[in-house]
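Labels run A, B and C following the written order; every chain starts at residue 1.
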Amino acid sequence: MSFFSVQGLTKRFGGLTALDDVSFEVEKGSIFSVIGPNGSGKSTAFNCINGIYKPTAGSIHFQGNKISGLSPSRIARMGLARTFQNIELFASETTVDNLMLGRHQHMSTGLWRGMAMLGRRTWAAREEIENREHVEQVLETLELKAVRNRPVSELPYGTQKRVELGRALAMEPLLLLVDEPTAGMNPEERADIGERLRKLRDDLGLTILLIEHHMQLAIGLADRVLALNFGRPIALGPPDEVQSHPEVVKAYLGDG
Amino acid sequence: MLLQIVASGLSSGSIYALVALALVITYKTTGVPNFAQGEMAMFSAFVAYVLIVDYNVGFVVAFGAALVFAFVLGIGFEGVFLRRTKNPTHLNLIIMTLGFQLALFGLAGWRWGADQRRFPFPVSANEVVHFGNVTVSTLSLATISIALVLMAAVFAFFRFTKLGVAMQATQQDAMAARINGVPARAVVALTFGISSVIGAVAALLTAPLITLDPTLMWDPLLKGFAAAVLGGMNTPIGAVLGGYLLGIVENLFGAYVSVEFKSAVAFLIIVIVLWFRPVGLFGRKPPRKV
Amino acid sequence: MTPRELDHYADVQLLPGKAAIAKLVVLLAVLAVLPFVVPGYRIFTLNYMAVFVIVGLGLSILVGDTGQVSLGHAGFMAIGAYTSVLAMTELGAPFLIALPAAGLVSAFFGFLLGLPALRLDGPYLAIATLGFGLAVTLIIGHGSFFGGHMGLVVPDAYLGPIPLSGDISHYFLIVGIAIVLALAARNLSVTRVGRAFRAIRDSPIAAETMGVDVAYYKTLSFTVSAAFAGIAGSLLALMNGFISPGVFSVTLSLMFLAMVVFGGLGSIAGAVLGSLVMGYVNLRMDAVQEIPIFGPMLQNFSDAYMSPSGLPNVGWVLTGSMIMLTIMFEPRGLYGVWLRIEDGVRWLRRRGASDGPAAGTG
């Protein structure tokens, strides 16, 4: 059984088919890119994978467990984290509190213990300190220390994207879904994000599933690539093969 | 007996249907239930009352003036207050409508006190008409017919006039409407004006049935909400049907189960519907947006 | 030299320095002396305000943190009040049992009301809670077990051997409980559960994606909030000596919502400030004309243009206008105004500090 696999994934909204019979597998420790023009079903695929949408047909397996049909929070607790194309941060919270949300599943302080935090030796305080240390490391890695205590709504767009990535990393995921991390960025920023993702894979052994509109970045990073058009898979394989696939070329020309 | 109950149900149901329709058309446009709806209507009824009793104005002119007042009040509430909300989340907008409700309630109480005033009306609740075994007061008859005519007019407006169709387009998709050249802001303001007029008509029909005081519309507002939830907050026709259904069910409950807890039926319906079918009997679930 | 270690506890610490401890000591001292320096008949007012603070704390968790609206908190308060009174009269329970029982029973109803809330968006929820509040007073008003419209007389209560009679003993009990609950609410909001609440408010989808069980936390928020209101209801019954359905009207629920909005949604300090102000306003609504200068003016205006008997309604006009103005101009409420003043003072000090040496050398 592979680390992560999708079989025959189909999603319909009313009469509209957003995803049509998509299958692929992702190996542990690899970067897998999903490419395709706007509206080709990439984000729908992500929403099915992390449980926001219930697939119309097909199944999704993660580490041998079937996850399709489970709630997003259950799926998250199994080690799957994601970022969003249109940033979904907790806008009024600070950077550090956003990242602390990523620690939610690794913590256990509930109502009573939380209310009874009466000194640094109490359970809740010890757990806070421990997890804040972990978050601090993520802030360090992503160079977010300077904006640690700023409400995220005040941060520039690119920084918000990094905070969102940080929040996903704070979850210590086994599989990271990154949805258009470079949308709205200039070429230098794009290269920087690409480098960061590669380092995450190399240093932490993270498995990354990446949606990217920019073909160059997606192809450069990925070990394997899936190309979608109008919700249908049109090519699947190593980057150079997919890139030169006639249907992919046609889809991208049509889009551009 | 049963027919008699249904007839009374239709009469109170007409009021609920009007309030529900007023609530739903603004809800569809802004996503916010207007808790000030009842108080805006109550205030309009007081305008008519003052004109008739204090200034000896005729019914037609007084009612007309009250409706014009309601229209201006609706547009003003949207333009002066709702639109100026700094951070227009649903929560903040709901709170705005509650604030307006309290302010209007206080103003009415301050000006007119808590006295229960008899509201003069051309037809009476005591004169009755017989249809076979069924007895209906002329007031009920007027209520039922006025509500029907008004609702038909509103639906015709949204379906057949250019402006109405444009307004509906805005309700469905503000972005699409803007592309088509419909000024969304004007549409929202106009929607509040129309909604306020519908509410005012409900108040003018409620006041002669009971008496006029600042709490006039509290009960009809809750019933209107219950009716809208029952039919579906996103479907004007559903909300209207919900109003009639609530009126009939409530009267059946009052006749066969308990008069004391008759008003609890509305709450019971809200809970049951929200529990089993949150979109209402006639509503459809909107797709989740990410 | 090694860089100073970041102390992560400071992030969530209640009293991060000597100054904060000093402030707290002063506050407690003032609260301890207060009932002996104000005129005796004002202690009742203070107690009433403290009860409002307890409701405000709970409502702030629900509305401010979780972003759920409730127009039925007077209903939870009524359930708490009636539970504790009936526990004492019907079961002969001591007050020490009746008080937590009030919290528990209210919490249970909060849980029940929270269940449909899972599937409901804000607007629907507001309507459901409004209906809930009305249904509670309706049922209480018609049930002979609950004393009907006539209400119930609250029996004498004892805390162990100490009789809880007189405003001063009520004061220390109510204010003491308010302080403990304020501490609990504050701790809750800075730890894991509070973060989950606010995450749900800001982005339910992202919260779910982080592993937050949205259904669980929404229900929890309702339950906790209702428990606070229930305890407040029990204390209100104690200090009032009498309860009736009319006390827990829908307008009281609206008043509760108004006070957390006016104080500032999402901050404990705001909830406390707003509750103190609105508690006072609500109790003294009949005494508008007693306000210095402004009062007689209102009285004259009222006699000339409005109805003299309607003067108490000015309180509603003020309440309504206050929450509208808050939402329009300072959504962080009184607490936001306080933050602005602090910023201003800091700015003045900094200017003073930088001007000082310059003037000295010149």
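Everything below uses one rule, namely that a residue touches a chain if its C-beta (ideal position, glycine included) is under 8 Å from a C-beta of that chain, and two chains touch if they have at least 3 such contacts.
Everything numeric in this text was worked out from a predicted model, so none of it was measured.
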Selected pair, greater C-beta contact count between B-C and A-C: B-C
Label of the chain whose CA centroid is most distant from the centroid of chain A: B
Chain nearest the global centroid, as defined over all protein CA atoms shown: C
Intercentroid distance (Cα basis), chain B paired with chain A, Å: 47
Rounded Å distance between chain A and chain C, as computed from the means of their C-alpha atoms: 40
Whole-Å separation of chain centres (CA-atom averages), chain B against chain C: 32
Set of chain A residues in contact with two or more other chains: 52, 84
Touching two or more other chains - residues of chain B: 290
Residue list for chain C, restricted to those that touch at least two other chains: 205
Chain A to chain C touching residues, read off their complex: 50-52, 71-73, 76-77, 81-82, 84, 88-93, 96-97, 100-102, 104-105, 107-111, 113-118, 120, 124-125, 127-129, 132-133, 136, 167, 171
Touching residues on chain B, where the partner in the complex is chain C: 27, 31-33, 35, 81, 84-87, 89-92, 94-96, 98-114, 214, 218, 222, 225-226, 229, 233, 260-261, 263-264, 266-268, 270-271, 274-275, 278, 290
Residues of chain C defined as touching chain A within the complex: 6, 8-9, 11-13, 183-185, 187-188, 190-196, 198-199, 202-203, 205-214, 220, 224, 266
Chain C residues touching chain B - in the complex, by the definition given at the top: 63, 67, 69, 71, 115-116, 119-124, 126-128, 130-132, 134-135, 138-139, 142, 205, 250-251, 254, 257-258, 261, 265, 302, 305-307, 309-324, 327-329, 331
